[in-house]
Amino acid sequence: MLTFFKRYNLTILIGIIFIVIWALVTKYATWINPVIFPQPLTVIESFSAKIGELVTGVVSSMKLLIPGFFGALVTGIVGGLFFGLNKRSREILMPYFHALSPIPPTLFIPYVIAILPTFQTASMSLIFIGAFWPVFLGTIHGVLLIEKHYLDNAKSLGLKGPTFLLKVVLPASAPHILSGASTSLGMSFLILTIAEMFGASSGMGFFIQYYSDFSQYHYVLAGIIFNSIIIVAVMIAFEKLKKRLLFWTNLKADGK
Amino acid sequence: MVQLLERPVPQQNPISAEDSTEYKTKIKVQHIDFSYDATTKILNNIQLEVKEGEFLVFMGPSGCGKSTLLRMMAGLEPFSNGNIEINDKSVKETHPDCGVVFQDYSLFPWLTAQANVMLALKQRNKKMPKKELAHIAEQYLTLVHLGHAVKKYPGQMSGGMKQRAAIARALSYGSDLLLMDEPFGALDPVTRIQLQDLLVQISAEQKRTVVFVTHDVDEAIYLADRIVIFAPGKNGAVTKSIQVPIEKKGTDRKKLFENMEFRAFRESLLNEMNEQIVNSLRTEIADGAGI
Amino acid sequence: ACGNDEQTSKGEASGDYEITVGLSQSAGGTLVDIAHQEGYFEEENISVNRVGFANSADGLNALQAGKIDVGLTFGTAGPLTFIANGSDFSIIGGHLEGGHPILTKKENAGQYTSLESYKGKKVGTIRIFTSDIVFRSALEDAGIDWKNDLEIVEFKTGSMLLEAVASGKVDVAVSANSFYAQAVDMGLEAVAWSNDLQEGHVCCRVVTRSELLAEEDGEAYKRFLKALIRAERKKIEDPQSAVTAAKEYMKVDEKVINTIVNDSHSNYSSDPSREKVVQMWEQMKEIGYVENVDDIDVNDYVNIDLYEKALNELIEQYPDDVYYKDQLVRFNEQNI
Amino acid sequence: MLTFFKRYNLTILIGIIFIVIWALVTKYATWINPVIFPQPLTVIESFSAKIGELVTGVVSSMKLLIPGFFGALVTGIVGGLFFGLNKRSREILMPYFHALSPIPPTLFIPYVIAILPTFQTASMSLIFIGAFWPVFLGTIHGVLLIEKHYLDNAKSLGLKGPTFLLKVVLPASAPHILSGASTSLGMSFLILTIAEMFGASSGMGFFIQYYSDFSQYHYVLAGIIFNSIIIVAVMIAFEKLKKRLLFWTNLKADGK
Amino acid sequence: MVQLLERPVPQQNPISAEDSTEYKTKIKVQHIDFSYDATTKILNNIQLEVKEGEFLVFMGPSGCGKSTLLRMMAGLEPFSNGNIEINDKSVKETHPDCGVVFQDYSLFPWLTAQANVMLALKQRNKKMPKKELAHIAEQYLTLVHLGHAVKKYPGQMSGGMKQRAAIARALSYGSDLLLMDEPFGALDPVTRIQLQDLLVQISAEQKRTVVFVTHDVDEAIYLADRIVIFAPGKNGAVTKSIQVPIEKKGTDRKKLFENMEFRAFRESLLNEMNEQIVNSLRTEIADGAGI
């Protein structure tokens, strides 16, 4: 705990300085729009006023996010390994991947609503779509960048099938897969605000979206801060995991 | 000196039972021309036959194509001109069954020494329980004096240790063909001698065919049945086979090295190589191909 | 490039005043377009630039931040929400009243005969959109507990709502005028219109920052309103002119434009309609769209003087014309 | 040209099969909603009807996208190198990066409109924000994963400053930087639809957003297809560039 | 045999002008204890002084810590116990000025051989035009027989070529301290001899201090002024310095190798090492530390 504070003392200090400046500016600068720049105190009040709603929101959001993100993770990695290893399939379909991956997830909303049976599954699918591409493309990239040495080694040991995948391809491409997964995780949170634009009545994204529709930015900011805390916690856990999985790279030298 | 492990695959050499004096051909290299790119030719019409159970050593100046030919034999370098057959099957079609030690002894850095060896072991012993695999892997590592480092990752090993782990892995793979690219290059002289003896013992007892690259003349003569010298030339390297004329069986190492016959052969070998390098330096000036 | 510079070049060659009008892309800016087409702005010596927004909140933010001078089609609820949150906006005129359909699948259309028939149904609405407020307060007035007797599902945009009702995820959709044409194509039918629920309810209001009205007593905005009043008249006399005027800016088929600008349920009126605005404010308080606003008197944020002045000037200019006098009568009914 | 067809014959075939199925389904399946699933012919007609608008859109969008994306690329790489190399700074600010990166770009709209002088700069900033994070975080990741050998080498050669950055850090982390940049590029196109929600009167994103506001999906699909073609062209060019920059990795073996 | 290039830095060795017989201390290793992790101790209270211009060779069993000590001298391995001073400055504070050849000869794979060398050259010759740098780099590469491969990338070179490129880079760096970890390990005997001679010539003429790791006993004796033998032990390796008692200046290589004195010393050295390995194997059984 003490080491935590020691490591993050400057982090916390910067946060405090930022809040102080924010407080001063919103209080004394008249040219500041009070609607979109509420005072920190207002935000803190909003925070405590809405804490129940925020917490319920996390629970509902997780019900969408977890299936969506993990579904994307699994299919992204499996698909990425497949297309990374199969040159011909990759060559054939890569143009489609390039074409489909940047389509804004918002545009899928009518289709997921029309096709999928419930709002929940529609929302999950949106998260899935958004989270899928980074990890999928990251995995393909990672497989393509595997050092020739490792592949030669595997070939000469006659490694095939699951052993080849699990013991060689997966670890060797892990740096890129995990970097893609981390983008995917961020993406999932981002897509939440889109996926909760319809059919939801609570959620981390819903909260932000809802109050921003009402231009109640003190609530919006409270929501962003609350979400950020959760996202940072998830991300730090993910980074820890990443560091463990990539122990054989230089990352371990990062000393955390 | 070192007790050999039981071979994981029992019926490795059915023909060894016949005890026939007429050797079967293990590797057949036919008309191999090779180049990585259009500008430099690496290998020039290489012809080579390796008998089953033979211990073949490649020597030659640095950069002349020894590793390249070895990698081609291992089915790792695609080529179009000529053919290489192992057990009468073209390496282009069937991936050859062989244990390989690469020049850069590349282990998988995300696996411990033991897990690296287990990976090779598992290929022949699909059904063997993990515990037993681990045990055998440890025995192989002990064989190369790495018994204390089974749990170390490649990143935590010294150059020589990595090399020995790679040797253990190749041995444990249990193929009757071993392709080894300067495997003892980073070993101290004492360990090196021990591993040389180990290799001689294994290849003799189990009739494994070995193709071995080294720069150490003594090592080459001590190990080889036949030495193939690579000579770089304008159109890529050509090879020249020299049968080692010395009877080594049962001879004490030290005595052997003091043997006049041995020393004469050693001298002639060195002269041969020296000449080639001078030649190649001369050609280099003329046309840019080189050692 | 953004609408900004492109439209600037299209604007009148020179004017004493320059006004940048922000409008919602899907609602268009019918009266402004007509005024433009007919040269009313030119005659008033003002040059008007148009800036489109996909989202009312963004438009109102732009107004607050001084990027635009007038918000034309950002509804009533939007500006009122901003006012509730502390923005110093002034509603100076009107643009549209009524016109939003309540949609359902053709085969179910028969079920919805009265407000009672919404009980137990799943009703989709567009959050903070006028029709939503009108619908809820109509239920409230009819003594229906809309929080428990039916399930209201809020949507961010009208198009999402449309997909939801078409795919049966909600039973009815309290929609918006700009989606009517597509809804019909999708096999949906209007079972009621927002005007049916509340006669002449206000929709888009002309809103500006109060501080802008301090300059020259709001001369520019008075001129702007004069042009709008004339455009309103033009539209009544020649509905087709609205289509030709809008066609330059709205890139959809003429048929769609026509349903948006000339639907019989939509009433384009430039009158600020203060009483209806106040009514909506009260309704918003009632259904919880605005909270903690007891210290705000919404009347302070509706400026009817400018409109009155504009009307009077027009009467002076065209003394023989009864139209403007009639408008003054309507003004007095709706605002005082 | 012939080799192009030979390589992509299956790609094209799949596209054709897909269109045929689409045509059949939209024509004969009655349960299909004709508005959100228009017939391909309608889309093609819409395409030709709006081609002028689409082309103008590309030009306007590029004026936003190019400054936004390249700005993000440059600052992302420079910033990523800085934070990748400075452990203490990274430690201090990383929590903020994790917290800020997944904030939905839509939420920045009011702020960019309020703070920046013009709608153009506001839109550019949105694209900048969206494109910044992937390349920034990718660069940090790439720097952290540089092999120790290379760093030792650089250290023992006394490499410092620009030489160290340009000759060692940048190439060594290039695989991750480029993978991040490619996500950023996709992201830029995605953010376009958000960045053109205000103040724009033409643009690739505007087009799609505009017609989806009217639920005119035949135009929306025409827009998506048109954009996809452009994106695929840009992406393929980018992949070519990537392969050239990463010539020393295994990627070159991918044989294109 | 090979003409030395002009040194890029002219006033490299101001004290060489003095021609004093009293040597300055170049490297001072004091009470070095080292371990990578808590379980295994690597180095045990190492004490060592290297005189300016001295040619020091490290020998010892594989995995005993030679590379580790070399890396510590190069300022690449942080440590807490003890101190290492180079030119009287602690390597903990000042990054030492030295040319290094790593055991895995890691060149930058994204640069050609020439560009790799130019990178080192540029460090001392900031102002030199690029063309000239390229020219000098090419000369250095020619020195190690890589004149034909200047434009090759590491991925296109053989093991021995990479090693030679790394040597060229270290030489071109122009520091008066060279740390070389098994630099000739992957070279053919002929090239190896040429480069040995080159190194001897450079170190003598330019009074460069060299610390050199090798497993080749002949090479060690031929090159070294003093040989440091590493002996692994329970608490990490200890070292033992042995002055090479043979006068080599001007002696013909072949004659030297046949010299009885030479052969006796060689024998004793090998015995010493052999003993240590046997010892260490014995300790290993007792406590798990090992070679």
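We just call them A, B, C, D and E in the order they show up, numbering each chain from 1.
Going forward, contacts are C-beta pairs under 8 Å (C-beta built on N, C-alpha and C of every residue); 3 or more make two chains touch, one makes a residue touch a chain.
Nothing here was measured: the structure is a model prediction, and the numbers come from that model.
Think of each touching pair as a link: the shortest run of links from chain B to chain D has 2 of them. Any chain bridging chain C and chain D, meaning touching each of them, is among A; the list is complete. Of all chains in the assembly, none touches chain D and also chain E. When each chain is reduced to the average of its Cα atoms, C sits farthest from chain B.
Taking each chain's centre as the average of its CA atoms, chain A and chain B sit 49 Å apart. Chain geometry summary: the mean Cα position of chain C and that of chain E are 83 Å apart.
Separating the centre of chain A from that of chain C, both taken as means of CA atoms, is a distance of 38 Å. Touching two or more other chains at once are residues 33, 36, 110, 114, 212, 215 of chain D. Under the contact definition stated at the top, the residues of chain B that touch 2 or more other chains are 104.
For chain C, residues that reach two or more other chains under the stated contact definition are 57, 61, 64-65, 157, 159, 162-163, 166-167. In summary, the structure contains touching chain pairs A-B, A-C, A-D, B-E, C-D, D-E. Of all residues in chain A, only 7-8, 10-11, 14-15, 33, 36-37, 87, 91-93, 95-96, 98-107, 110-111, 114, 133-134, 137-138, 141, 144-148, 151, 175-176, 179-180, 182-183, 185-187, 189-190, 193-194, 205, 208, 212, 215, 217, 220, 224, 228-229, 231-232, 235-236, 246, 249-251, 253-255 touch chain D in the complex they form. Partner chain B is touched in their complex by these residues of chain E: 36, 59-64, 66-68, 103-104, 145, 147-149, 156-161, 163-164, 181-182, 185-192, 215-217, 270, 273-274, 277, 281, 284, 288-291.
Of all residues in chain D, those touching chain E in their complex are 149-150, 152-153, 155-159, 163, 167-168, 171-172, 174, 247-248. Against chain D, in their complex, chain C makes its touches with residues 1-4, 6-7, 25-26, 51-55, 57-59, 61-62, 64-65, 67, 157-159, 162-163, 166-167, 178-179, 182-183, 185-186, 251-252, 256. Those residues of chain E whose C-beta lies close enough to touch chain D in the complex are 71, 74-76, 95, 97-100, 102, 104, 106-111, 119-120, 122-123, 153-155, 169, 173.
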